[in-house]
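The chains carry the letters A, B, C, D, E and F, assigned in the order they are written, with residues numbered from 1 in each.
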Amino acid sequence: MTEMEFALNTFYLVLSGAFVMWMAAGFTMLEAGLVRSKNVSEIVTKNLGLYSIACVMYLACGFYLMYPGDDVINAYLPGMGTTWGISLAGLTANYDLGYSDAADFFFQVVFVATAMSIVSGAVAERMKLVPFFIFAVVMTGFIYPVQGYWKWGGGWLDAIGYTDFAGSGVVHLCGASAALAAVLILGARAGKYGSDGSVTVMRGSNIPIAALGAFILWLGWFGFNGGSQLAVHTVDNANAVAQVFLNTNAAAAGGVLGAIIISKILTGKMDVTMGINGAIAGLVAITAAPDTPSGGLATIIGLIGGVIVYFSVVFFDSVLKVDDPVGAISAHGTVGVWGIMATPLSGAGAFGTQAIGAVSIFLWTFITAGATLLVIKAIMGLRPTVEDEMEGMDASEVGVSAYPEFSE
Amino acid sequence: MKLVYIVVRPSKVEVVKSALAAINIGGATLFDVRGFGASRGHTSSYRGSQYVTDTNPKGMLMVACKDDDVPNIIQAVRDVANTGSIGDGKIFVNELSDVIRIRTGESGEDAIMEKNDD
Amino acid sequence: MTEMEFALNTFYLVLSGAFVMWMAAGFTMLEAGLVRSKNVSEIVTKNLGLYSIACVMYLACGFYLMYPGDDVINAYLPGMGTTWGISLAGLTANYDLGYSDAADFFFQVVFVATAMSIVSGAVAERMKLVPFFIFAVVMTGFIYPVQGYWKWGGGWLDAIGYTDFAGSGVVHLCGASAALAAVLILGARAGKYGSDGSVTVMRGSNIPIAALGAFILWLGWFGFNGGSQLAVHTVDNANAVAQVFLNTNAAAAGGVLGAIIISKILTGKMDVTMGINGAIAGLVAITAAPDTPSGGLATIIGLIGGVIVYFSVVFFDSVLKVDDPVGAISAHGTVGVWGIMATPLSGAGAFGTQAIGAVSIFLWTFITAGATLLVIKAIMGLRPTVEDEMEGMDASEVGVSAYPEFSE
Amino acid sequence: MTEMEFALNTFYLVLSGAFVMWMAAGFTMLEAGLVRSKNVSEIVTKNLGLYSIACVMYLACGFYLMYPGDDVINAYLPGMGTTWGISLAGLTANYDLGYSDAADFFFQVVFVATAMSIVSGAVAERMKLVPFFIFAVVMTGFIYPVQGYWKWGGGWLDAIGYTDFAGSGVVHLCGASAALAAVLILGARAGKYGSDGSVTVMRGSNIPIAALGAFILWLGWFGFNGGSQLAVHTVDNANAVAQVFLNTNAAAAGGVLGAIIISKILTGKMDVTMGINGAIAGLVAITAAPDTPSGGLATIIGLIGGVIVYFSVVFFDSVLKVDDPVGAISAHGTVGVWGIMATPLSGAGAFGTQAIGAVSIFLWTFITAGATLLVIKAIMGLRPTVEDEMEGMDASEVGVSAYPEFSE
Amino acid sequence: MKLVYIVVRPSKVEVVKSALAAINIGGATLFDVRGFGASRGHTSSYRGSQYVTDTNPKGMLMVACKDDDVPNIIQAVRDVANTGSIGDGKIFVNELSDVIRIRTGESGEDAIMEKNDD
Amino acid sequence: MKLVYIVVRPSKVEVVKSALAAINIGGATLFDVRGFGASRGHTSSYRGSQYVTDTNPKGMLMVACKDDDVPNIIQAVRDVANTGSIGDGKIFVNELSDVIRIRTGESGEDAIMEKNDD
């Protein structure tokens, strides 16, 4: 590898990382738009804080856990260590690795933040900040890196041939599994489900901002999927990168269409919030293998993702009565599984191995996240008082109204 | 004097205002309100769940006037705000004991009459 | 060409494409900010949907129509074919072409979405979603690609020497011509023009979001114009790219100043919505030849664009009584023509040829778009009932209020 | 240097410039979210206008003043000249310089806009547009370039070894010093401080949009700091760039945590507006030397910045009664000084030299900006009438309400 | 007839509405208001500065009814809106001289009675 | 008892509230309203088209009080809200038949008096 190749790949990787960092803004806007105005400052604070915690924890221990190099104990639990005080840029004595270690870290750290962002949407409007942030410490410093190691760090999932190009499983299903655990332990928002089985609709307060969030995620996903090729310096790599961009875009478009068409058929209207979830679903669906399908197949994989997310949202909300204000469990979890299982359609991965990957990521995350949350709950509780929840968490947790002149 | 509350469809607030001006009503105070009445309940859906909205946006005008103006007001409002469909709204007529113009301290009917030097 | 050069150009092109994709968010925010709150969810849905339709249609037939390669019939109507099931990344057997075919597709597909976005703003607040989406199918799958082929696919406009670096004509005038046809066929919003000739002002509901839209477009335009150089791997290409960035920025700045200065002079106030249109006008104006002027000339071309858009908006609204809620016809159409005709100022293109280009793009698009819309109108109608329109299309078309807590 | 190296660096630089341009949107959203709704259109106009003026002035004279090449008079005052009519892309006869001159210009012009943006936030809600824009002409055409020349143009600050990688001093402290002069000359907003020493709280109208602004700045800062390496074509450069990305992100995360933790400790709540200022503070703090610290040290530098900004905001507001609606003086000024003085922590720069740099930038800017503003004040006044200010500047200056349906 | 103003906590507006419907009150008009009263003053902080908010959001329903309905309304509202804490709100009862239904022109009690053919 | 409506400039709502507190008025309910009156019509422009706004934002306070309090209220409001320019607003005084405190069920003047144990 030449210096220029190293330079190009490093440039490509930090740029991809910057796009993924931008997804933090996307999740923030999406969630701020889909909650009620009395909880908007709170969810913004949650997102700013979780991203920051992810960055600190991954530097302190997460990165090393996930990519321990030769220090690994075995395929299931990696070794310990820290990158905290190390100037990663200095490490690349041998630039044949393909890109700067610091670029690699930066690209990886924004992924763990993405996984954590998924949780914040699901627990919106009813989980206090401090317990949430404590959970974020464990999730980003331990739970995520361990299963990340299984696949991307060279652990057992990688060894058996589980395919997950950019993380339909490692990032999205992981985040959604933790979200499901959290929602089950927390329970629904006050007033959401009546004792008579009735469902109260709680509408998002700012649709254009939620849509902006979806567009930000869409843009950021080019870095998420594109960067996961990890190199662009050869014709093959460049071609792969370009196909990934093409397919990522096509799948998102398919997802939007799947969701709004099914909405139109079933309700006579095109529910924009479903269109938004559809875009995200299309993106999640293609993430496990964005490099192998043709554009047409990518569109279809995304479109099916958009249909799935519609039914999943309704099913969780109306049938299971699992309260997920932004549809995070459906868009990242249900559709994450679809993405993992769809890779054989374009010849990547085998059905059985993919299923093992999905199940193991789900179980690991669901169980460890659930256990962590139960411990935090026992120590300090997770929810505000019902009065504080009714009044909105902006007042009790943040002290700042999101829109003091419009809705107070 | 009377204090008259006029509840109409939001789209009719402008024309009611003009109609009042046309019969020399000197002023009014406007409220954004929601109403429910005979026209109760339409069903919407959000994220696949149905819900019922039983209120509709309405506009309300509060008008202080002389007793004699009341029939004119009722007529003027009905002329422009009556669409014949449920939800056109209602007019509520109350006794008004006194009015004071804060700027001048005038009270009674003087306080709601426009003078030329205004 | 070396592998690295191919890689660098491909990277450059997909990145430029990502920036242009981001313009979809810009149009969405711009339009969401400039319509009344009762139509905001609807315009968001329209934008999500049209972008997605553009992606699907361009993959299905648009790209092949526009770039048919050797399959071309003649200079006016290209041949048919599809790129739907083809893995474009695999096509570049000979990488001497300069960049990956998949990157090329991706870069092109976001352009057609841009053209279509222009239409949605002009028809805002009064065109139903289904007929709009059907129109989008025809526009992005046929109307746009044909005239695109005339210039960029190597058709007759290219042959006669018509100059249009990044599409003042091919994209912006094309979009605006369709928008004009649509607005004339649709008519004005209910209550907009009184029978006595009076004009009712209908104010945008969210100015900062409209400004965000303008900034997004500004940023995305670096990809739009910069990427249109199609290569960056040599000193000459790199210099050209850098000058394009410089000039694109300078023209946008000039456009803002032109619009707010003229606004201040004429009304005593600096109308921010005109400043927003001014930025877009500056960008549209420079798009036909962003590579040839000096920074100073680019500033002036943009500034004149900003002045033109001010008068054009007022003229269409008050004199012609053509109802264009966001000023799309003026910013992309009137100023698009200015951009096309201004290329000789920096020595690119000849006056007569440029005029032929502008007229032919306008006529083709106006006529075919108009005919398409008349057919759709005859079959299913274009507008909601007056009651639905008065109540706002969010209720009847989408079922979701954009700001349920602020404006219901 | 090969053509490819030149091309890669040029590409890198224009891209970095585009990210910095995006910061203009960040400042606009941040400020629009933190002012009251009656002044939102005005602050948006201010930001659109100031950015545009910066672009024009830097082209007309600023760039040449700051980078006069051999025309320099001495180390303190550079010579005069213009780049207005010059096609900068053509200048690079010898591409050994490393990147296109036009790319360099573009990267530099967005920096001066950043410095100017800092001022607009501090003077929000009470400075008329025309005097502000006149001040912007002087600030971006003269005041900023001169001190920029001292360091980056090869003047005396550079000669004595003052270290300022991306401009904690040259950009942020400079902007904040002008902001402080402006705020002192303007006085506080009407009703802000009672004669009895009481402080009236004036709350921001739109928190999610302010948070969006912070995220935009965060993203843009990767271009701001990353691009300041000016080259990426070697292993060393690429490693440095990667470390800069890593550290910039780490410092911002630290800043958020510093601010919300101190807020929680002192008030029992996590004030989201402080979290937002914390992110910016972290970014400003690391900007003087983002390349030398390890990720851990960068986090700590940012975290201290976040703590400092909290106390600084409270101190200026409650103790000094200096009215800075968005906390710009604290985030960019107080923390800018912290950033400059912190460079020795990672072995860059010496304490004494850094202090000289901070003091001289502050004094130059504070005095010249103050003098300019006093002259403008004498000629035309700076503030609207109290009635206009109470009613909001959207009405008197712009004529357009930001949210006509929510808050009128 | 009477015009009754019912000021309650925002969270109680829905249940008060249902309670009124249950006792056959034909309609109401709703206002978003802020109230201050015994429950005055809670302190918040913004950007490190403290400030006092002395008003709380409330919902108000305006109901026109027959004289006989008043005791029922009071009872119905107290049943659902009384939490026992300060801030539960108040009911104001006023004389109402006349009501006119804009759609039909009916006046008096007829204008507030629901008819089957509505 | 009386039910008094006080319509003032938005910027005067705070001081009116304080002025009422100073004369021992126990509470009030606040409305955001728009008013039109003598101060009709200012012209603005949007995107180059002119339009007329004939309403201005106002704040309204609704205060239930004893008959004796009315002159004090009028005086107190005029003291702080009178700027001497058109648009200062008006005070409307109505009869109030009854007040009920939802929390305790107290009625009449008891319901609007603050007790020490509150």
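Just so we're on the same page, a residue touches a chain if its C-beta (ideal position, glycine included) is under 8 Å from a C-beta of that chain, and two chains touch if they have at least 3 such contacts.
The structure presented is a predicted model; accordingly, all values stated were derived computationally and were not measured.
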Joint neighbours of chain C and chain A, given as chain labels: B, D
Residue-number overlap at the chain E/chain F interface, same or different (half cut): different
Of B-C and C-F, whichever chain pair has more C-beta contact pairs: C-F
Chain A and chain E, separation of their C-alpha mean positions in angstrom: 45
Interchain centroid distance [CA atoms averaged], chain A/chain B, Å: 51
Distance from chain D to chain A - Cα centre to Cα centre, in angstrom: 32
Shared interface positions of chain C, touching two or more other chains: 4, 8, 15, 203, 206, 209, 212, 267, 269, 271, 273, 399-400, 403, 406
Overlap residues in chain E, where contacts from two or more other chains coincide: 31, 34, 45-46, 94-95
Chain-to-chain touches, reported pairwise for every pair that qualifies: A-B, A-C, A-D, A-E, B-C, B-E, B-F, C-D, C-F, D-E, D-F, E-F
Chain C-facing residues of chain B, complex: 11, 34, 44-46, 57
Chain B contact footprint on chain A (complex, rising order): 199-201, 203, 263, 266-267, 269, 271, 273-274, 310, 313-314, 317-318, 327
Chain B contact footprint on chain C (complex, rising order): 390, 395, 399-400, 408
In the complex, chain A residues that touch chain C: 2, 4-5, 8, 12, 15, 19, 36-37, 203-209, 211-212, 214-216, 218-219, 222, 226, 232-235, 237-243, 245-246, 249-250, 252-254, 256-257, 260, 264, 267, 269-273, 275-276, 279, 293-297, 299, 403, 406-407
Residue ranges of chain A touching chain D (in the complex, touch as defined): 3-4, 6-8, 10-11, 13-15, 17-18, 21-22, 24-25, 28-29, 32-33, 40-42, 44-45, 47-49, 51-56, 59-60, 83-90, 92, 95, 99-103, 105-106, 109-110, 129-130, 206, 209, 212, 396-406
